[in-house]
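Structures for review follow.
Both of the next two complexes hold chain A, though its partner changes from chain B to chain C.
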Partner chain A sequence: MAYEPQYYPGATSVAENRRKHMSGKVEKLRDISDDDLTLILGHRAPGSDYPSTHPPLTEMGEPECSIRELVEPTPGAKAGDRVRYVQFVDSMYNAPSTPYFRSYAAAINFRGVDPGTLSGRQVVEARERDMEELAKFQIETEMTCPALAGLRGATVHGHSLRLPEDGVMFDMLDRVRKEGDSIIMHKDQVGRPIDKKVNLGKAMSADEAAKRTTIYRADNIAFRDDAEVLEWVHRVFKQRTIYGFKPEATEL
Partner chain B sequence: MSEAFSDTNTNTLQLEIFPSRLLKPETAQELLGGIAEIEGIIRLFIHGPRIPQTVPYGPATGEPVQHPGNKVIEVAGQAIELAVYVGSIRMEVADTDVKRQVREVCGSILSIPFEFREGNFIPRKQTVSDYAKRGPGADPMMIGMTDPKGKLKHYPVCVLRSDNNEE
Partner chain C sequence: MANDRQKMFAKHMEAKFTKEHGSNKMEGGEITDMVGKYYRLGVDQAPRKVEMKKAGQEIANKRGLVGYNPMMHCGGIPLGQRAITPSFLSGTDDMVEVDDLHYVNNSAMQQMWDDIRRSVVVGMDMAHETLEKRLGIEVTPETINHYLETLNHALPGGAVVQEHMVETHPALVDDCFVKMFTGDDELADEIDKQFLIDINKEFPAEQAEQIKAAIGKSSWQAAHIPTIVSRTTDGAQTSRWMAMQVGMSFISAYSMCAGEAAVADLSYAAKHAGVISMGEMLPARRARGPNEPGGVSFGHFADIIQTSRKTPENPANVALEVVGAGCMLYDQIWLGSYMSGGVGFTQYATAGYTNNILDDNLYYNIDYINDKYNDAAKTGTDNKVQATLDVVKDISTESTIYGLENYEKYPTTLEDHFGGSQRATSLSAAAGSAVAIATGNGNAGLSGWYLSMYLHKEAHGRLGFFGYDLQDQCGATNVLSYQSDEGLALELRGPNYPNYAMNVGHQGGYAAITSAAHAGRGDAFSANPLIKVCFADSLLPFDFTKPRKEFARGALREFEPAGERSLIIPAK
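Let's turn to the complex of A and B:
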């Protein structure tokens, strides 16, 4: 029987959402065009070619190497793209994802990516077209709510603040605004104005965000409500503590 | 320490209004306007995340931000430029009757849940830094009313009722 990864323990909706994010089996909620994505990322002009740092691998004549024969290069590496980044910020008020689960999602489901996990933000570096594929996936699916999460390349402040009255996570550079029911991005991820407004879709309602979140919160689903998760977290902490102190006493 | 700073205002109450969401400038103006009409507010300041005029760092450094929260609001006939997105309002009031009136104003204006508490939110005595900055003859009303890291000329304290405050 083929092995099926279990990803994460737990019986609550938060645990289920964590499994979804890690496995990449997330629901697609919105569409964003390639040009719009390029605009908000701000690394190159929409429609322009990908700038490269080296010729395509086929033209370079690679040295003989068993690993290179074994591992298929990603499309970005094949074409010699530059390494570029995308950075997400997720509000602590029931945003669908968190930096850790964005990193798990990137590292498990995408190749050639370098996720960086910080307390309030999560950055992924990769070859430009590989990075865009990942960014598009995370923005279009239930991993992102345009109001509770955002693309922020610089000045990420806001994830731990109370939400403003309109429910759109505070951004001191005002990259995202609510216009009618839609969330509009009118600056790129570092705060430079862009030529047109990019519609990121509708914000999740408070109930929907609470249902789709991967964050345990005392006012939604508390961490201590999930007995199986608690058991496994206790087990991991106990095992690693004992292993560091007295490896022969570790129970397997 | 100068006597001017000790045992003053000890009978006053300090309050904090802490809404569950950051307030839009319009709501903040309405709330501050309502509070300004109450007799017995001694001093008050608003607290929240700062909104920059220009992008402070990154590739877009220097670009104008034009944040919708950065507005000029009018409170008791005086224009005040909001440099922060209003997160909480801290104030010193004369007595419990004023506290009750402030609570009523908050309840009538704020449509979102809020916390309303009494405590110590504004320094009652000057610190060594205050002494170094303002000297021995400083006005005790100004203690704790300005950003300790800011320049006084950039963030002035607005005196709404100069007649009542002059002692």
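Let's turn to the complex of A and C:
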């Protein structure tokens, strides 16, 4: 019987969405061109070569090494790309993703990534083209609502602030705006103006966001109502506590 | 249990988010509103920022070198893109500018740490034994009074024994003094009242009996060297300054020969054998001498704060005052300045002692515990609930979910605690303190803290920043660890406990849990009765019975600190 990863407990839509994010089986909702992605990431000019920190691995004359033989380098590593970042901020008002689930999604489904998880933001560092692959995936799929989530290299406290009247998560650096039905980005991740406005697509409706979110909230799916998740957290807590006290008494 | 009770933070949230302060345009609306308005008014909306901006400009003009300029904040975009709102010190009605809760801007905060750093407890018995048994000098209450009079001259920097000595100006060191205390009521009766910390007077009767029983017939000095000395040197200087003046005072008061060998015994007792520092020395990688904040154990800190002798019937209040003081010392001063640098830690720390958000959570827990566990949250020892994992699980879960739902139902509280680390500290301090009060067990409280962290992380899919919550992922495993250093009793842990060395936003909470366990039981002290008595003294500039009120006075510029230099600088 093939192994079927279970990822996460819970019987609610939030738990189900968490499983989706972790599995990588998420719905694609929009397209972003490579040039637009490059613009908003702000690491290099669209169309320019990837700056590298070392020659391609094939030209490096690497030593014989069983690990090198066993592990296929990522495209970015093969090419010698520098390490760059993408950083997402997700509103606590039902943004589809949350920092931990972005990190789990990255670590489970992508290679060569270094996810960092904080309360207001989630950063992934990787070789530049590998990072872009992940960024494109997360931006284009149901993991991201352009109004409730965004790329922000700095000033991320909008995640916990009340939504403005237009429903676009507060951004101190005013990188993102609503124009008509679309959410546009006119500055890059760290707030530098970019040459053209990048259309990130339509915002999710409040109902859709509530349906797709991975955050428990009392006004949507309350944490206290997901009995299986609570039971699982309690089990983790108990196991860790007992393991420190008397490892042999830990229930497996 | 219904959680639709009157929220203790409501009044403060209304003042912050529905009433204009300065010209921030925060007028109208409800604290439950999900939608906010953002006017991007910059720093000119806030009175204190305006004052600071003007000062920055004046300084630049005067010295010909630029300085504070809020437009340098983030690529020309200053703070204040959302409303800059004031805060209330929890447990008070004092509204302050948040900038004034940085310790640089708050003389009360500075003085709290000054008063701790410059304090040391010194035994008297070893010196008395040396005098009596070795030298045959009689020690009586009269000689002790004479010695204490001498030392109150010498400790601030007055010369004794040697002629033609330089001395410190009394008006610069007027905060320096020494008093004694003892568990021996008969001896205490004979001591001049100006020199005595009267345990019977300062503590409720039951606590006084506990403390006297713990101290017994021994006698101790609570010495506080001058703030100005401590500020110019460091915490390790405290015992040295004290010991030199103690030694000289013994020589003078008991007419000893200045060079006789017994002086070395007195010196050894005062410098080493009979000294209780507030904080232990730190290892080389965090090298600090004694009496620096990284060495102040949670038990010592819980004893330094004096709320337990003023509101013994309210253990939650005791814990909350310790949270406030602990977040200030451990986060703002120790981790924020000594260990890290920068100004950011204040924002974390204030979440623990402003706007009654944590207070509301803890008082809710008290009601929950009293309802479910037969008044186990009331002060006492017979009413405690047994510290089991099931009890920890129940109380911590209820507490955490209640607090999480407040953030979800009151978006203004989420906006006030806009960082996950702030929320995590508040939620876990409430949960941990509640478990500690109910069980009378600090490590059970610590266990509740860690469960709260796990629950918070799963509920919101986020917790603190990397360095914040990595300790919390493994914390449960060290609560009751069989390995002696990891499994240490909470009272004996401190900022130098292995996992807590860079544990931002946690240590005030840990100190609170320590105090909560003992306040819940009605104990007179948490770890050390000598330290508890040392700070039971209204002559100290900082009032350790109500630190949060003192911080408010500092922020409102009403607090009068010690160690000022105005006497010796040109008048302005």
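Here is the rule we use: the second predicted complex is superposed on the first by the 252 of 252 C-alpha atoms of A that agree within 3 Å, B and C clash if a C-alpha of one lies under 4 Å from a C-alpha of the other, contacts with A are read in each partner's own complex, and residues count from 1 in each chain.
Just so it is clear, a residue touches a chain if its C-beta (ideal position, glycine included) is under 8 Å from a C-beta of that chain, and two chains touch if they have at least 3 such contacts.
Predicted, not measured: the structure shown is a model, and the values here were computed from it.
Undergrad: With the two complexes overlaid on their shared chain, look at chain A and say whether chain B and chain C clash or fit.
TA: Partners clash after overlay.
Undergrad: Quick check on the superposed pair: does A:Tyr7 touch chain B, chain C, both, or neither? Answer first, second, both or neither.
TA: neither
Undergrad: For A:Tyr85 in the superposed arrangement: first (chain B), second (chain C), both or neither?
TA: Touch status of A:Tyr85: no partner.
Undergrad: One more residue to check, A:Gly153. First (chain B), second (chain C), both or neither?
TA: A:Gly153 sits against chain B, while chain C stays out of touch.
Undergrad: Identify the partner contact of A:Ala218: answer first if only chain B is touched, second if only chain C is, both if each is, neither if none is.
TA: Only chain C; A:Ala218 stays clear of chain B.
Undergrad: Which partner chains sit in contact with A:Arg177 here, chain B, chain C, both or neither? Use first/second/both/neither.
TA: First partner only, chain B.
Undergrad: Figure out whether A:Tyr50 sits in contact with chain B (first) or chain C (second), or with both, or with neither.
TA: neither
Undergrad: Given the superposition on chain A, which partner contacts more residues in chain A: chain B or chain C?
TA: C
Undergrad: Which partner does A:Arg162 reach: the first (chain B), the second (chain C), both, or neither?
TA: A:Arg162 sits against chain B and chain C alike.
Undergrad: Pick from 3-11, 93-101 or 147-155: which stretch of chain B gets in the way of chain C?
TA: The overlap with chain C comes from chain B residues 147-155.
Undergrad: Residues on chain A in contact with chain B in one complex and with chain C in the other?
TA: Shared contact residues on chain A (touching chain B in one complex, chain C in the other): 154-155, 157, 161-165, 170, 172-174, 191-192.
Undergrad: Would you pull the chain C residues touching chain A in the complex into a rising list?
TA: 33-38, 40, 74-75, 77, 81-82, 389, 393, 397, 401, 404-405, 408-409, 411-412, 414-415, 417-421, 423-424, 447, 450-451, 454-455, 457-466, 474, 476-482, 486-487
Undergrad: Mind listing the chain B positions that touch chain A in their complex?
TA: Against chain A, chain B makes touches at 19-24, 27, 49-52, 55-60, 63, 65-69, 85, 87, 112.
Undergrad: Mind listing the chain A positions that touch chain C in their complex?
TA: Contacts found on chain A: 18, 92-93, 97-101, 116-120, 154-155, 157, 160-165, 170, 172-174, 191-192, 214-219, 222-224, 229-230, 233-234, 236-238, 240-241, 243-246.
Undergrad: Which stretch or stretches of chain A touch chain B in the complex?
TA: So the residues of chain A in touch with chain B come to 42, 153-155, 157-158, 161-166, 170, 172-174, 177, 190-193.
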